[in-house]
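Consider the two complexes below, in which chain A is the common component and chain B and chain C are the respective partners.
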Partner chain A sequence: MGFTLVAPDQPKEACALLARSAPGEISVLAGGTDVLPDVEAGRVRPSRLLSLRRLPWRTLGWNGGSLTIGSTLPLREIEADPGVRERIPGLAQAVHAVGSLALRHRATLGGNLGRAAPTSDLLPILLTLDAVVNLVGVDASRSVPVDQFVVASRSTTLRPGELIASITIPEARPSQYVWQRVRPSNDISQVGVAAARASRPPYWRIALGGVVPRSIRLEGAERLLPAVRPLVSELEAAAALAARLAPFATDKRASEAYRRQLVGILVRRAVASISPPIVPPVGVA
Partner chain B sequence: MIRSDLLAKASGATEFGTDLAEPEMLWAALVLAPIAHGRIRRVDLSKARAMPGVHAVVGAEETARLLGPGAGDPERPLFPSTEVRYRGQPLAAVAASSLAEARAAARAVQMEFDPLPIAGDLEEVVAEWPGSEAGSDPRMIAHVRASNGDLGEEFRLAEFVHAETYRTNGVAQVALEPHACVAKVDVGRWFVRTSTQTPFGIREDASSILGVPEASLVVEGSWVGGGFGGKTAALVEPYALLLSAATGRWVRLSLSYTEEFVLGRSTLPAVVRLESAVRAGRVTARRVRLLLDTGASLPGRDFATGYAIGFLLGPYRSDAFDIEGYAVRTNKPPFGPHRAPFAPQCSFVADSHMDSIARRLGVDPVAFRLAHVWRAGDVTPLGQAVGPFGLAECLEKAGALLAIWRRELPTADGFGLGVGCGYWSTNAGAGGEALLRLSPNELTIDQGEREIGSGSVVRGLVAVAERVLKIPSDAVRVGYSDTSRAPFDSGVFGSRTVGALGQAVEKAARRLATELGRRLGTSDPATLARDDDQLVAISGAVRRPVRELLTSEELRAGGLEFPGQHAAPPGRIDDSRVGAGTFYPYTDFTGAAHVALVHVDRATGAVRVLRYAAFHDAGVVIDPATFRAQVEGGVAMGLGSALTEETLWGPDGRLLNPSLLDYRIPTLGEVPPIEVHAVPGHPGAGPFGAKGLGEPPIIPVPAAVANAVADATGARVREMPLTPERVARTLNLLASGGTGRG
Partner chain C sequence: MGDSELVVNGRATALASVPEDERLLDTLRWRLGLRGTKEGCRSGDCGACVVLVDGRSTLSCLTLTHELPGASVTTIESISEDPVGRVVQDAFVAEGAVQCGYCTPGFVVALTGLLKELPPSAPLPELLDEMQGNLCRCTGYGSIVRAIVRAREATR
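Coming up: the complex of A and B.
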């Protein structure tokens, strides 16, 4: 279980180190909440750990309505940020849903995306916000929409020698993240639903977590909702469609049937909390 | 005042079992069966032996060679030689220079099996209820039965029969510290230092498993990082001793946390069917059947079924009843006792059932229980006399508080209140011996138990000495020595420590007080106080330093010594009511009634416990802080069993959630504010009238929560834990016109 720790302070140097190493020989270490248990359990056996802690990525900054979060900023600082809480409440809620307070003091957004777990509480909200992942490599930098970045569980489009530098959320949107677990605190969500209202079509973005191989947008359900306030009947139809189409499976955390039931409920709740549905006056269909 | 062990524990200085180490020691790893049931074709250790750093690899054959042919208990072999009975059963053990090398070698052992069918599911057996007579079924390894009265007549006269089936799931021990020990065998001396609740029990167990005389075995308890019953039987110790015998070196064996989940003696599922005959607002007769999954436990070794059955009628009068229980053997690991073995599960069943009948009758559930509950002077269904017992008073107080909370209950949908009742009785068991030694500046309590976390040893015993002698607690030290030197005591389990060992301390302290009084020249017992760092003995106006009261021999020997013993008189069961099996006539009945306020999300089934109160008859409370801590801890733990904790088993006999991520104990986020109330006036046999409290606080919790959920939603969830999915399923059934109500 022996390894050496390297902690470069220049992104290019970190990328070069990565690029020079054989696969499996080096592991990237951000907060370490996924990597260190893997090392401990022998699921990975790197001879070196590349720590990101000295890289200049523990940042959070607004540019007008757009927010950029450094990949190594601890999650706790995101949820505690007054601007995030006020302008992108769904992001603060999703971050708050991750693990425990102690965990969030270490875990990072970069690590969550790097791991790309199907049970991630952050991917659904990032999908509804059209987040962009900013990558640096040895020779070049590039930006990839989060939808294209995460492929499947533990699989991303990160190339050899590339690191996640930051995540950009182009537009602050009214948003909400709701989830269900066996144990409310510090558990893996059985289902998570994120919703956000955008300034351009499709006006509603709804995404689902807890599905294999990764979180997805529920575009069919999104299309059933009007630009601003849905009618109760429209919301019901969207929730029902979401429940019907969600590609769920049974595992040790929940049965498929229960997950389906949850999706309907959570879609209804997420959308309603952003924009309470209109109850038509009596006599109107 | 801070409890004497806490600063070292909080600062990390305490040496728990997992911290044990010796210079030059070897590290051990177990080779665990990768299948749940099969005939062993081959366990080939040769590759493992050739691995780097390996000092010894032992399997069934080597064990016979090391211990001598025929040594040890043939029913409990260290390693099976013909058949694997559960996934995770040890098949061999490795000692190597490092843990990594030991584990690597364990992985290199080659094994072949002829698979056999896996008996895993209690439901298969249930499906055959009530058809075939279970007695002849080879899966049933124990049968217990008790009955009384004319059941047929009462069921004929009944206005209705309330019939329900309940299910409970397995709960894991989850002590933060897994089983761990270090061992060294020298000529004729088998020594093990281990984290255990029962040093003398481990000695007895290891002696029978290894075939080594008790006189040659020495067990020294380390500090215990939590023990809830899982550390009362030998588990890692015989393997570490065997490997030390094979290598001549110190050997350390600590289970990984995953192994701890599998081998650490979880409880297993049970199914209970109840039928109650109801007439004129009373339950007049009851018929109860229990199926208890006892895993790969041995036939005839099952203590559990009679134990569980005893609790299934609840603390309620029953003139006519017929209770019957079967232990079912499955290919799961052997199960074990967990804090108040079966009582929280049985209370969930019995008290949900009572609550359900009350709701069907449309009467107040608390008043309904009060009309049935045992009181002092009553006789239990098994014919045991109930001594001082404060459950009725706990219930009355719980009912009064519930009425207040009901008035304050939010009017929004989904809030509800419930009461749960539980009782316990203690077994002081063999022994209870302590030795008090008074030196000029300190009183030492020498005894053979280690503190397991509850405070019963480091605080409970001290509180007794404090009460008798008025001595300041920081002048009292609890001494410990290994089984070769300590006075015998049977262990820290069964809520017995203060009741049994505490009495021994009380008796010794009283003798000491009388003798000091005599030496002061008075006929009254003396008390002790501190003057600078000297102890002084006081009787009336006479006051002298202890130093001046001790003889020179006593001073040389370390102080004035007095032993105290305790042996509890056993209770009595009416044998004419016992049809089959063994029941346990424990004494000193303690009772508790709990109140839970919950919110149920009707759509998702999620239950949150928002407020909680516990009323306990613990006899005379000898230390209020420890009393409160025990009740709070027990409630928190009970909330886990009630809502989230369960072991999940695959059809291949695999434990699916052997980690703290998927086996969900409550976090502080799930524990609401807890009101804790002592209900005094019903003294027990312990020192000053104390009763046991280690186990009782966990017992009523699942019932209180389930009854509150029924109150909030009208849905009776008949399986614990009440996970959101289970609650939702019951609510869905209700919405679709099914039978959730009751």
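Coming up: the complex of A and C.
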């Protein structure tokens, strides 16, 4: 393949290295599960890989209801965290959907965001959680909401010399991620649907993967759902709207028509699974 | 043990002699002669190349050797020295969970890592789910599933 490896231990040093390099000359290496196949296939031809392995970003920490995950923490450690499982189940489910166990022992959240694939299993859930991407650069740091971070298929707002340091999820939410694939493991989702229930309006967040050109929230469908447990008719209406409006296309994994069929079912399933219980009226046992 | 080496099956291996763009799979098979680890797809899809890195199942085809300074790598060649690895091997033999055998090292190593990673109380469906990254084109999986069940019973 013909590249050398550089592994700085200071974020600023890593950013400076990136900033100094000509476009295409250097690629960032986190878990390598996207970048090594790209290099092998000749889709990128860097002469150097910038390894993030020595940077202090393999972290996961709670601050009250808010969770910050370091960009280079292996995905497996996110789904294995008891707090994540209990308080943001949709995130644990989405992470679990990625590849296989051996892949998740190395692949990272930063890599998934850096890749910004329209088929990512992680972007939909991050959208429903209003996740914020924390970036470091040579001179300054900034934070970008995930819906602004990914601008198109495989394209982000990362500037030259910038790296993803961490991802913050401001509020733990009841959440669910459901997907459909040909094979359950090591396959790419044809459609992925994430749903979460927020503490303030809009109370429902629904986001999709497997759409073009990038994962999006379905705000129209969200608005059809009430703050309380949706009626079956409301659920059906939101699912039908999702099936009508979602920007699907036909590709080698599935036809557009099949995806439309699927998305309605998945939206119903995801929302129903995290609907609050019906509160019995006063006086009813 | 320093950052300039990697321990493979208990033996220190200097990184200085390994090119920086070499994958662990190639280091193992072609530099160290450990041909038990198999290359099925070289793209992360089949699990034939799974080894343990500090006890965790890892795709050696998608891992650069130089990314693992100071790590301990266990391949199929030394799995029987691990008590759980021994049990897993015995279970594969007892169930005849092998036809051509190409996928077997990956299955044995992955299951050994999994049984050690999950608590003994982990339900069988979880075990089977986590083993889905390993593909077999011969057995039809029946005998492999029986071997997983047997190894799980023997390690509980």
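Just so we're on the same page, the second predicted complex is superposed on the first by the 275 of 285 C-alpha atoms of A that agree within 3 Å, B and C clash if a C-alpha of one lies under 4 Å from a C-alpha of the other, contacts with A are read in each partner's own complex, and residues count from 1 in each chain.
Heads up, the rule we're going with is that a contact is a pair of C-beta atoms (placed from the backbone, for glycine too) under 8 Å apart; a residue touches a chain by one contact, two chains touch by 3 or more.
Because the structure is a prediction, the values reported are computed rather than measured.
J.: Quick check on the superposition: with chain A as the shared anchor, is it clash or fit for chain B versus chain C?
T.: Once chain A is superposed (C-alpha atoms), there is a clash between chain B and chain C.
J.: Taking the superposition on A as described, I'd like to know which of chain B and chain C A:Leu5 touches: first, second, both or neither.
T.: A:Leu5 contacts chain C only, not chain B.
J.: Is A:Ser66 touching the first partner chain B, the second partner chain C, both, or neither of them?
T.: Neither chain B nor chain C is touched by A:Ser66.
J.: Taking the superposition as given, does A:Gln261 touch the first partner, chain B, the second, chain C, both, or neither?
T.: First partner only.
J.: Could you say whether A:Val182 touches chain B, chain C, both of them, or neither, answering first, second, both or neither?
T.: In the superposed model, A:Val182 contacts chain B only, not chain C.
J.: Is A:Thr250 touching anything from chain B or chain C once the two structures are fitted on A? First, second, both or neither.
T.: Neither: A:Thr250 stays clear of chain B and chain C.
J.: Can A:Ser51 be said to touch chain B (first), chain C (second), both, or neither?
T.: Only chain C is touched by A:Ser51; chain B is not.
J.: By residue count, is chain A touched more by chain B or by chain C?
T.: The partner that reaches more residues of chain A in the superposed model: C.
J.: For A:Gly32, decide between first (touching chain B), second (touching chain C), both and neither.
T.: So A:Gly32 only meets chain C here.
J.: Given the touch rule stated above, what does A:Ser155 touch, chain B (first), chain C (second), both, or neither?
T.: A:Ser155: touches no partner chain.
J.: Between chain B (first) and chain C (second), which does A:Ser100 come into contact with in this model arrangement: first, second, both, or neither?
T.: both
J.: Across the two complexes, what residues of chain A are contacted by chain B and by chain C?
T.: Correct list for chain A: 1, 100, 183-186.
J.: Report the residues of chain A in contact with chain B in the complex, numbered from low to high.
T.: So the residues of chain A touching chain B come out as 1, 100, 180-188, 190, 252-255, 258, 261-262, 265.
J.: Quick one: in the complex, what on chain C touches chain A?
T.: Chain C reaches chain A through residues 20-21, 23, 42-45, 47, 50, 53, 56-59, 62-64, 66-67, 110, 114, 129-130, 132-134.
J.: Inside the complex, what are the residues of chain B that reach chain A?
T.: Listed in rising order, the residues are 100, 603-604, 606, 608, 643-644, 648, 656-657, 661-662, 664, 666-670, 723-725, 728-729, 732.
J.: Touching chain C in the complex: which residues of chain A?
T.: Touch list, chain A to chain C: 1-5, 29, 31-33, 36-37, 40, 49, 51, 53, 76, 99-103, 105-106, 183-186.
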